[in-house]
Amino acid sequence: MRIGFIGIGAMGTEMVRNLLKAGHTVTVWNRTPARAAELAGDGARVATEARECAAQELIISMLADDRATEEIIFAPEFIDEIKPGVIHVCMATISVGLAQRLTAAHAAAGLHYVSAPVFGRPPAAAAAQLFIVAAGDSASLARLTPVFEVLGQRTFVVGSEPSKANVVKVSGNFMLASMIEALGEAFALVRKHDIAPEQFLEMLTNSIFPAPVYKVYGGLIASDHYEPAGFKLSLGLKDVRLAQAAADAAMVPMPLAGILHDQYMTAIARGYGEFDWAGIARLSAEAAGLPVRGKE
Amino acid sequence: MRIGFIGIGAMGTEMVRNLLKAGHTVTVWNRTPARAAELAGDGARVATEARECAAQELIISMLADDRATEEIIFAPEFIDEIKPGVIHVCMATISVGLAQRLTAAHAAAGLHYVSAPVFGRPPAAAAAQLFIVAAGDSASLARLTPVFEVLGQRTFVVGSEPSKANVVKVSGNFMLASMIEALGEAFALVRKHDIAPEQFLEMLTNSIFPAPVYKVYGGLIASDHYEPAGFKLSLGLKDVRLAQAAADAAMVPMPLAGILHDQYMTAIARGYGEFDWAGIARLSAEAAGLPVRGKE
Amino acid sequence: MRIGFIGIGAMGTEMVRNLLKAGHTVTVWNRTPARAAELAGDGARVATEARECAAQELIISMLADDRATEEIIFAPEFIDEIKPGVIHVCMATISVGLAQRLTAAHAAAGLHYVSAPVFGRPPAAAAAQLFIVAAGDSASLARLTPVFEVLGQRTFVVGSEPSKANVVKVSGNFMLASMIEALGEAFALVRKHDIAPEQFLEMLTNSIFPAPVYKVYGGLIASDHYEPAGFKLSLGLKDVRLAQAAADAAMVPMPLAGILHDQYMTAIARGYGEFDWAGIARLSAEAAGLPVRGKE
Amino acid sequence: MRIGFIGIGAMGTEMVRNLLKAGHTVTVWNRTPARAAELAGDGARVATEARECAAQELIISMLADDRATEEIIFAPEFIDEIKPGVIHVCMATISVGLAQRLTAAHAAAGLHYVSAPVFGRPPAAAAAQLFIVAAGDSASLARLTPVFEVLGQRTFVVGSEPSKANVVKVSGNFMLASMIEALGEAFALVRKHDIAPEQFLEMLTNSIFPAPVYKVYGGLIASDHYEPAGFKLSLGLKDVRLAQAAADAAMVPMPLAGILHDQYMTAIARGYGEFDWAGIARLSAEAAGLPVRGKE
């Protein structure tokens, strides 16, 4: 299939490589051209304007956030360039509200819009091990199935209204952020009682919480080293805000989300914005009067 | 070994049965005699006073909470009855502070005290699948190894100071309570956006959170049925308080624990104290204006 | 002066009456015409379209919220109707962000925009006892002085950038909402210890907190009667959101605001949206298991 | 009257001076003898043991906290020394639970116990301008009236059960701590929007919050200087804990108190324990990325 892929970050790069390997013709565009240019060696066609991507048989967008997505997709020349019946699937983590506006705008132009955000970090993207959460009209989803199979290990369909996939995505990220915060608080507690966090983590992950995410994030927190980031703390704030916006719009009080929001803002004020988002645990350690572990 | 077992609740009953099956001679005592009497048919000797248990080769206590443990163990006649060199292992979820006082009291009497709280519900106790977190002097722990093997699937040793096992236990329970609260808030969010909670749970447990506790608690919350309780919500408040007490003593701010404390108290005020502690999620649903699911 | 006054609610009605009494010629407009029509008897000219108000020497807007303000003021025909050099002063409680957009839009059209939100309820508006917080260019503020003197007891000027007045207004409302929540929690505590809330309030307002707002809100909470509302709880949520939006934009963590947001949403889910915003205290009482006072 | 006064801190010193001026014979005792000795010059008799104070006609205790009060008053030789019918009035801020135990212990010995904690800082104590909250049997309260008149400007009687005075006192301190936290958050918000905190405070205290405590604490926060402390931040934590203990015992969720608890612990971990408790506002400023004001 001729695919236009917009947004070549750490995730997009790996996703495009998998699409190319599977034999698709991929036209890529990125605001910072250098990142897109790197994919030429993998066989991608590098566009100089985003609307070149709009002119393909399938459009995938994977831009950084709402603002970037709005600027590109709602640019007047973009939607006009899309051919009738073409699907635009947004795989980025955007707001529920923007997904609703994208759905309406595409429908008004006789186009198909699908939301399909993903769970997984760049290594999972490279290994085609992403989890994809998709929502849209069933015909579009059927046409996308082979594409999703090239990108991820499993696709969860949550209905025909695209924004529902975004609700599920931001809810899942809220669950992750809550888990990280809980780990941070618990680790501060055990450390303050002179228990090695590794020992506590070993117990947790071999008993009640035998899930990889506990091992991964628990390991980062135990080591108290958060750079380079797998997923930046500043993006964690973005995601907490998305959950809060979805909650506020639907009148759902989420006290844990309130705590998370303030913790992320505080961490950024302390200069931890470039840390992996597990670095939120540094706040709990500091608030307990614990030293940075590398310096203990 | 001749074992005195004090505290025959849902957990204690199963644990005693496993000890009997393994060939130990077990003398049991319970404040409410009927529960202890039921074990006579399994071969247990039923004591009429707690101090009969104190006179055995090994003492295991599994009482409901701090108050019950203090009343029995600190009763003047109890410690006097224990023979020199005997080990008392407290497997109940008690406070870090009480564990410290028990350690001191036993040491003063030339006795050995071990803390060995467990993770697992009654069915896990019956199947000898508990996770045991143990701390105490290494000689005592060595002597206890065969006993622990009869009761659980794995023992995690966290040091020689008994109270550390209690720190780990209350921290683990805090992690569970945080997870349940996060699930409750996220489920309210997806339900309010017209997504079936089962669908969200299916996604979570087959992607980022493939741990049984997510399935179990997520399933309870999705069904919105919390009775009969596997672990009562009122006991959840007890456990949150234990984490907060350990945190307060060590000067560790735990904002999530503060939220949990208020949620459990509110739930009890609404009459949910006898619910399973997953029932805390009912509060999030109600606060979002959602109906009870059975009545949707 | 010929004044166009847009937004004839409980506050606007009283403000227009004071302007008329002071000899101004006031043209009024309201989305629901009946409310504006009532002022005809006081001497107001009743406009059939908002832009008639735009054509006066001074424009005062006092609309319900951001949405209403945007719809009227940003309607294409509105700003075009304003004559060069005319001042538009928005006295409603709008967001900091909207104030910034209004400032830019008026400047682009060669007009003057001033933010001048007020503290005070309808009786204070009727008595010309409002507190006005104003920000804008100094020439405009000087021209507005006699108008503000007709409407309020004191004007606080907080600079030349209009949105600063809105920051101060939403911060002040946050202080009020925090005070009400604290009163609600404290009253639940004393009531649960069998102390009459009136007795506690009597002590507070005659010792550490001798401010009228403590008497007024404390009295409402002690009586546990919240209708009719002086200021609706649902508007309290609006104001908390304005404070949170200003905080989020400037990266200021406000944990109390997070609590307030969830309490207001929960109260609305329980059907208390039409209560006076002091009714947030009902939640604290209920969460403590206390009965409604009228039914004690 | 012959009065035994125990606990000669900043408050006790001023209170004793007023009692001496009024013609009472005062025997003073303090754990650190130097502080008591200073009062000899004012005419006080300096005891070498606390029980000398117990042997007077009236006993006033003003010790630092629960622990100090328990150690002195529950020392076996102390209560035995008190003569039948003598009143012990505890004016310190102690826990509701300790007040209940003191009530029981005195009653068992045929003595009278009254709780009479105070609002006011040392300058108010020196000027006999304290607010006294008293509870106890009415005969004792009647006998204490002339003593209270020497110490304070007004006495609020809240019933015959002494611990109720402590409930009111800890609730009042919770109100103060909530106000300070709200001021800290609001000041961070206005500062981040480039508004001078003095300007915001000027508005607040001349409009909706014309109470001296707002001026005093607002002034400290605006200046961002917290030393020397009028009331130490570490004591603020003690008082928040007292409110939380009273709330926990009565099953009253107090989300604001949870926030305060964590803020005070965090502030102490940052080294602010010796600050005035208004210094909690430094946390909000730091979390917003604001510089210390003296260094702006």
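All chains are identified by letter, namely A, B, C and D, in their written order; residue positions are counted from 1 within each chain.
The rule is short, and it goes like this: contacts are C-beta pairs under 8 Å (C-beta built on N, C-alpha and C of every residue); 3 or more make two chains touch, one makes a residue touch a chain.
Everything numeric in this text was worked out from a predicted model, so none of it was measured.
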Check your understanding: Farthest from chain C in C-alpha centre terms, which chain would that be?
Key -> B
**Study point:** Centroid spacing, where centroids are CA-atom means, of chain C and chain D in whole angstrom
**Key:** 37
Practice item. Could you please state the distance in Å, as a whole number, between where the Cα atoms of chain B are centred and where those of chain D are centred? Key: 39
Check your understanding: Between chain A and chain D, what is the gap in Å from one C-alpha centre to the other?
Key -> 51
Practice item. Please set out, as single numbers or ranges, the residues of chain B touching at least two other chains. Key: 251-255, 259, 262-263, 265-266, 268-269, 287-289
Practice item. Chain touch graph shape: choose line, ring, star, complete or other and state it. Key: complete
Review point. Across the complex, what residues on chain B touch chain C?
Key: 255, 262, 265-266, 268-270, 286-289
Revision key, fill the gap. Per the touch rule, the chain A residues reaching chain B in their complex are 96, 119, 131, 133, 154, 156, 158-159, 163-164, 167-168, 171-172, 174-176, 178-179, 181-183, 185-186, 188-190, 192-195, 199-200, 202-204, 206-214, 243, 246-247, 250-257, 259, 263, 284, 287-289
Study note, to complete from the structure: Residue positions on chain C within touch of chain A in the complex are 241, 248, 251-255, 258-259, 261-263, 265-266, 268-269
